[in-house]
């Protein structure tokens, strides 16, 4: 066990996998001697060389296409897209190439790639450097979407993703990069498709992920002082997500809040809310509530950004409203 | 070029021709679902490519390359059955005309989003290089693909990283109804490669001898580790647009009669005493008969088992059924 | 009133708008003398010339970018993307350019473009020619998504969209192109953001759109024979959708089915279901049910495609199950 | 070039320099949110472009063109305030550094997804042509953008449709940390235009006299209806990467001392007796003082009204608030 940041945990995972398996290689913009915009690949260029830590031009479609092609012939590419907002420039490659390949060729090919990317807002990055993009991809069968919230999960899930045979979109929330936590040393993996009960409680379930898990935990802590017992479920895998853990929790508490940083309409929050409402109909004592971003792009000005992104207080209020129902 | 090779190329061309003619007939009868693009008129290009690749190479066929899929070594009936959407097809009927892959012969399948494969091919080329194989990745694209951003991203990266990628650009003059020169800065697409300082040639795609020679040379170049190569095959597709013919009569006459690939090959062989009409007729008849057996196979094959509908979405994970 | 096909209705709308407003122009692949893959622009090239009916190369990103730029300086472009499946190649232009422009420049620019595209499956088109893509865009603030189900709405909504100042993704379901219906002559518009009660009923509400509206109506007809009275709400505008009409209907019937051709997870169906469940909590006599596509790409083989796409019978069964709850 | 023009260019360069230096200082103090890219070292390019465009032209600035936004005619305090995220900014603080548009001077705003604007510029050029205006659309892009698919889609369409688009490619040698020649088939990006048979030149982007002359000629060419033009400005950015400097000391010395744009301009003016040091110092001082007033304005401006957060998502429609 070692205390390290989210960035270091990711770096550690890449290092372990590259040392162990020479099929693993990285490609992306400025991931080489610079070590990536956020330092996730720092040191790997020196250690593994430019063949396996490849700087690319600003060719996002080619980055993903290259990864897919290499994966088809046995490699384990880990492409980086610097900011998740840029995924629109390679959307087709992800959705129509990586995600469909295994199915349309009926199992003859697979595309085990892990697309790492920095997502999320809250730092004045403006409309093109701040988005939560899971909603863009939630309706894409064949794709796995992962979004860890702790350094331990970041490391263990990145390892699990690299070992998994499916194409993965691996979301790293920028607000979490500097978060520190205890991380197991050496190689281990945290299972995909398994949500994590980040806090146990009995009165209400909050389903969250990434940064919102931290907001939910903070809200839960404050609510505890009001004698409200909150269970926080950290989804971790966003597609296909772990309905079982979520539904069991809601069956127990009878109340649910779904927290997601992206806009409410058409987002992950809607999927979780709909599934809970359909499957826990008879257990629900109050309507599920979604606590999400407002239906706007993300403004540059920090005070404005604060208005549109959901936070701990919004979650708290939703819990209180739900209990008052 | 030695006589046997030319004869072999001629047989390959007939495989393409007979395959597509049979397929078109069955499509009109309603036996082939979806949309149909045929390689009729482009037989020489496909034969030339098939002639130069080996099974350990990768190739990404375009939407008119059904014949090439067979020439690569997949049993014809398995390709035909795929196009009929049958259980016995190479992808169990799940891919169809635009997605008939067969890794065992290096067929990496088409991707119906034109240009997408140009990016995928980079990865195969890169991996082969990293794996120290001297195989290559060939990607077959129409002139229409020259408009796509991936065209540029692919050529630039292949050139920069000196990847073993062969670009086979089948310039048949049109993207559906739009003339290549009307939507691109040049109608001579091999010129585009100048931006990347990439080896690049234009060849008469209806002259199978020339096309095969140039393709072989390009493959050679790539195998020597010198980087990518771009070939523009000038040719013409017989198929017009869905709603009919739109091209000038004189143009049609030139390509379908005067400069027709089968005729050019025949003329060459007769002139060079490689084969006489009787031999050539026999090749045609043999191939045609064989194609009929593939069609019969496809027609008689069962549809895919319904459980295939939800199989292989994720590797190792099941999805919900109704 | 005139009987015409969906294609003719769209063609009529374009013709009317081009005749009336010279700022309106079309661009896309083979929309000129060929008239488009499905004939929607037929005759317009001859009538309005190649300047206003522009054939483009296969440059989807440039098609949308060009439309956006022209719209910024006062034009009213109507770009066509031949198949909706190809929208992945211009996703960034739609999501980060067209949809955000008005907001990020705080109202100084707008991007009134109408992206027409052929969507939907059921004809053996295979994985890249059959998708229902509204789910890809549902989480994108600033974008309008429209999907009519009748020739009358197709014409009236296309006119409304061209006159609207927002960027619109206009989905034309391929299975509806040949559907015929009565269409008002001359210029008229059908309002955006207003769902349509396609059939009145009292026992259960089916919320649908595009082809699924027809499947729902067919199911409703058959269910009527079983004395089940079904109300069918045709959304028509998918983003932002008309919550009021939907919620009023469900408040009345107390039961809801949401039918959507796309895969269930992360789709439009989830958004509608979640909203109904949250807002009609006390009215609901049974859980909302989503009748959607299975979580797979779309296979080429027609019998397999039939397995994964939802149809009338699936809707019927869902209604019966809901009533049996 | 006549003396007054050069003096004017020199003043413009100082606007860029002083603006960026003031901004950088405030950024380090924590007064400027988000990320910061500065145009330091690229003053001559921006002055040259500003010198040739008129207010009815459209331009799409890149992420280092803050100074150009002011040179185009927007009051400096409104640009500064935007970068501070203030209510008084051109976009009420909603756009920030990467999205500061001002249609009144033809500033169409940046788009932080590099390359995207290359497609948007096509539309403006096309519309101006359809509207029979003789204005043009200029798009400013870095060398890094040359990797993007939109680069190709844009150049191809502009050339094919002969659109009035001016491509200003600011080749400062690097995309963040990656040298232009390491990720592209050529480090001389004007060569890329050969694929499109587009008029194309490379110019010393630190020599404001040359840069201005070439830009003016290109603009002239476009206004004559001859189609697009591509200019590659060879220059160098002072800003390294976020975590510091990574470029060789000799390279730094060359660009920051020997071949520095202010110095080159001063040398030119002194040699040609256009101005003496005193005059030049005065220009600098005047501009610097003015920039300080803009900074003060920005600092003292209020943050945007919170209602702005949900304003202008849709034209004419409201969105839900909390």
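The first chain written gets the first letter, and so on, giving A, B, C and D; residue counts start at 1 in each chain.
Quick note on the criterion: a contact is a pair of C-beta atoms (placed from the backbone, for glycine too) under 8 Å apart; a residue touches a chain by one contact, two chains touch by 3 or more.
Keep in mind the model is a prediction, meaning the values are calculated, not measured.
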If chain centres are mean C-alpha positions, then the most distant from chain C is chain D
In whole angstrom, the CA-centroid distance of chain A from chain D equals 36
Distance between the CA centroids of chain A and chain B (whole Å) is 40
Note: chain D sits from chain B at a C-alpha centroid distance in Å of 46
Touching at least 2 other chains, the residues of chain C are 56-57, 59, 61-62, 85-86, 88-89, 92-93, 96, 103-104, 126-128, 141-142, 240, 295-297, 299-300
Among chain B residues, those touching two or more other chains are 91-92, 94-95, 99, 111, 113, 146-150, 153, 156, 160, 182-184, 308, 313, 319
Among line, ring, star, complete and other, the chain contact graph is complete
Interface with chain A, chain D side, in the complex: residues 33-35, 85-86, 91-99, 111-115, 144-149, 175-178, 182-184, 241-243, 246, 303-304, 306, 308-310, 313, 319-322
Per the touch rule above, chain C residues touching chain B in the complex are 29-30, 32-34, 37, 39, 55-62, 85-86, 88-89, 123-129, 264, 294-297, 299-305, 307-308, 314
The residues of chain D that touch chain C in their complex are 58, 90-92, 94-95, 99, 101-103, 108-109, 111, 113, 116, 118-128, 130-131, 137, 149-150, 153-154, 156-157, 160, 308, 311-317, 319
Residue set of chain C touching chain D in the complex reads 25, 51, 56-57, 59, 61-62, 64-75, 77, 92-93, 96-97, 101-110, 112, 141-142, 144, 164-166, 193, 240
Residue set of chain B touching chain D in the complex reads 146-153, 155-156, 159-160, 182-186, 191-198
